[in-house]
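As written, the chains take the letters A, B, C and D, and residue 1 is the first residue of each chain.
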């Protein structure tokens, strides 16, 4: 183990460190930078769409902006920020000193830097312009930036896989004594479920991207239609990863919600085992549904119905989670601090995404709304209203542990209000535009959709503004916010039993776990009313 | 969640309870992702084998590649015998078997290069047809993995010569062995779907 | 459960069901219904919208109720009464969503099957897409149009393909889209039920003209008589052979690739055809072997037979033989040969 | 990485490996012979798939020690294999779809 540099000097965040806490913060800060980059692209897109025939950007520039808005937000913001949270918290939550492979952990972060630079650099040689889905044959003939984009996504996939190998090895082999799988905190459960998806789905995208890169650079004929290449093959390779990818992007956020609800309702999580099992169910089912993105394509018509069925089945474990969360806060003593507000916001907005997901799974409806703004609204409710709200909730919840300082509660609430109103204002109108006939990824549109797009752009601008109180709060509070103490929220999971920020080796002595992670309201042993599920199972 | 002290040395206690070693677990997780990577390429190859039947497939020399398969299987035997040797403390045995593994791996690669050259002679190249593209890509990526394996074998051999491994501690040899056998299993599958069926 | 809570549960459930039914019957978010499929899809969509309203109101209601009802009392920062789980409740909220999803799945399957029933003698229309325009061909006639005319009430069998990248043929008022994938022929069955003019959209990103391609073509559903008269009018040729030739030159899209001053064409992909018959003009290579008339015909039917210098082979469509009826081919060749 | 469960070593283990190797070599030889004799396509395909499955299982069980190692390693290997089988079958099926 390398010698730990003095805990508090910020210099350590800019070098190669194998401390999972340093790597976690490096992930969080780097991914936040890319969130702002992706957000800026969204700002230009929504300004362009203020008017049906606006000429703010050319069609070519628009395609490049929307392609890279998607790619940056998914691969350089959501995946790394959740990996950062996982990196920082999993060892602490299971009572370990660090990850199983610290050097591999540092490498998986540092792969992010070249990947991010490559994607941004692609703008100088003609950025990728075939959408983040890079459908062939369009993506084969695109400008050189498309190749840089492919290499960048391959690097990000490799980094993501390295991280997952680390998470699974750490959770399986480094849990503290007494910390059985049924006492594993639900955030760590979600990282385990996510890692299974990452390791099984990402390599298939890597193979597909290699084929695209070879078609573009070496002249192979995988996707050359005149030579017999099949564009549907790319769609299968792409979506085999990219549907599990959206579960990879939402499961850790759900894990954070499962941590926050019991703490701020002062009540054990309801149905702990069902939530853990639901995470695994969503993870495994998520590998069987990918072709619901291809109902309108030339896929084999006989295969559409099985994919509809497997997609709809996923609504059941998702429903179990949402109802379990509701039952957690029922009869609780709810404190509406910022993390709780964002967690509540997650549920109400993710619900809209989840329900519209069932609409999209129904083939006849999908044949109408596929590749329209209905889908854009659905994916933003699930990813922005869902994952990002969950990531915000996690950032605020674990901020005192990471920095040792308390953030400003008022600014947090301002950020929540602006984010909640902005998200609904930005994406609800898009559902209607999609149903009424507005296709996806268009630089201009039919004048009949003008008002809906103006509403959406207004919401987007509000979201852009909402990031300012967050940025100010996070930076200023880290410098001179009030001291937070070890356990400001009085939580019961292991990471709150050590100092804030935790010492270099997390635990002076390896902890011994004797009770569940969410046993709130449990009177000490010998209380009159033992809870139904015995604490020590 | 009370925490009181127990000797700090034992980080991987939970792993041993499940009889798991974190390094071997890491290796198997990596191999799981490699199965999926080759899965993507195999899916592509089979898709085009079904949709674009081509006379070029008849140019494949099954007997020559059959011998090459035999070479790779023999190299797998060398690896396990090497591992068995070090487990009994015979460092020299490990070194010889690792050398043989690297040699056989190199012979396999030679055989593949020979096959590629003769195929190119018949006009089947990476750019000549979809069959050419999918054949060379699938066998090429496997060949690349064999090449990495040969280099890894030599590195392990040098470390063994320097006394890194002993009967008690030979995790590096076991990790290399898992990788090499995995590459052999991938070839068994490729040999079947390309040359046999 | 105490009677009071039982009463509350029943009341709330009744309220939710009423709200759901009201939404299903009154809320319409869809454009006009212009096909048999649209009617079926809208029924399914509105049923799902009703169900969605019930679930949405239930969850958001429980959320808001809990936030106010179970707010932390001032000054009481103790824990709440611990409840770890409730087997019966967990079973209920697993079965009910499963049941809902099965019902929706089955209903969707029936709607899908009902919307893909083949009627006899459908009107076949070839939908050809390229960067960045739709062209609709009516087999058996020489009509090629950028707007889609359809007779109301008769099933249409679209055969959809693309000449370059993936496009997606979508008519929102028909409630269906189908990707136009190059190298593949996709079939789509639609029976228009309402006369009117509706937009044709491209729903798959196909390059810089993707948006424009979704604003350029329209579907005109009209009575059978109006459709037949349009068809004959579109197929008609002017009496004068030169004018007829000029019409065919434009109709078959020659102007997209060839330049011809007489037809006001400025295409640059293929050779200019201005002084085709001039023996020492740019097409001198043509006169060597065959007579000019059979050379021009051969260049249309088998473009690769003779390639003008400095032009690429393989760009000119090779299927004009099947698309241009013989009489029209003769008029077109006469027109081209007449170019002095 | 010493798994305590492993019995004390003697020649028996090495001989076991050689036996497995001979089985693999024999199967490969059989496969080569079968390519020379004319078999109906479907029969040949089925036989070759079974034989190669046998070879792969031998290598994975004995050379990669999955037989005596923890079931977790086997699960980690089997899940992706099942997914690849499913994905490949679908890629073959959708060949004739459009």
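As a convention for this text, contacts are C-beta pairs under 8 Å (C-beta built on N, C-alpha and C of every residue); 3 or more make two chains touch, one makes a residue touch a chain.
As the structure is a prediction and not an experimental result, all values here were calculated from the model.
Colleague: Hopping along touching chains only, can you work out the least number of steps from chain A to chain C?
Modeller: 1
Colleague: Among the chains here, which has the CA centroid at the largest distance from chain A's centroid?
Modeller: D
Colleague: What chain sits nearest the middle when you go by CA atom centres?
Modeller: Central by C-alpha mean position: chain A.
Colleague: Based only on mean CA positions, could you tell me how far chain B sits from chain C in angstrom?
Modeller: So the centre of chain B lies 48 Å away from the centre of chain C.
Colleague: When the C-alpha atoms of chain B and chain D are each averaged to a single point, how far apart are the two points in Å?
Modeller: So the centroids are 14 Å from each other.
Colleague: Hey, how far is the Cα centre of chain A from the one of chain D, in Å?
Modeller: A distance of 38 Å separates the two centres.
Colleague: If I count partner chains per residue in chain B, which residues reach a count of at least 2?
Modeller: In chain B, 18, 20-21, 25, 29, 32-33, 36, 38-40, 43-44, 47, 51 touch at least two other chains.
Colleague: Could you tell me which residues belong to chain C and also touch two or more other chains?
Modeller: Only 181, 184, 186 qualify.
Colleague: What positions in chain D touch 2 or more of the other chains?
Modeller: 72, 79-80, 83, 87, 91, 94, 96, 98
Colleague: Which residues of chain C touch chain A once you look at their complex with the stated criterion?
Modeller: 29-31, 37, 40-41, 44-45, 48, 52, 55-56, 59-60, 62-63, 66-67, 70-73, 76-86, 89-90, 93-94, 97-98, 101-102, 104-105, 108-109, 111-112, 115, 164-166, 168, 170, 172-173, 175-179, 181-184, 186, 199, 201-212, 214-215
Colleague: Touching residues of chain A toward chain B in the complex: what are they?
Modeller: 95-97, 100-101, 104, 161, 164-166, 168-170, 172-177, 179, 199-208, 210-211, 214, 218-222, 224, 227-230, 233, 236-237, 240, 492-494, 497, 507-515, 517
Colleague: Residues of chain B touching chain A in their complex?
Modeller: Interface residues on chain B, with respect to chain A: 1-6, 8, 10-16, 18, 20-22, 25-26, 29-30, 32-34, 36-41, 43-44, 47-48, 51-52, 126-127, 129-130, 132-134, 137, 141.
Colleague: If we count contacts the way the header does, which residues on chain A are in touch with chain D in the complex?
Modeller: 172, 196, 199-200, 204, 232-233, 236, 240, 287-288, 298-303
Colleague: Which positions of chain A touch chain C when the two form their complex?
Modeller: Interface residues on chain A, with respect to chain C: 58-60, 63, 129-131, 135, 137-138, 141, 225-226, 228-232, 265-268, 270-274, 296-298, 304-305, 308-309, 312-313, 315-316, 319-320, 322-324, 326-327, 329-336, 344, 347-348, 351-352, 355-356, 358-359, 362-365, 367-368, 370-372, 431-432, 435-437, 439-446, 490, 519-522, 531-533.
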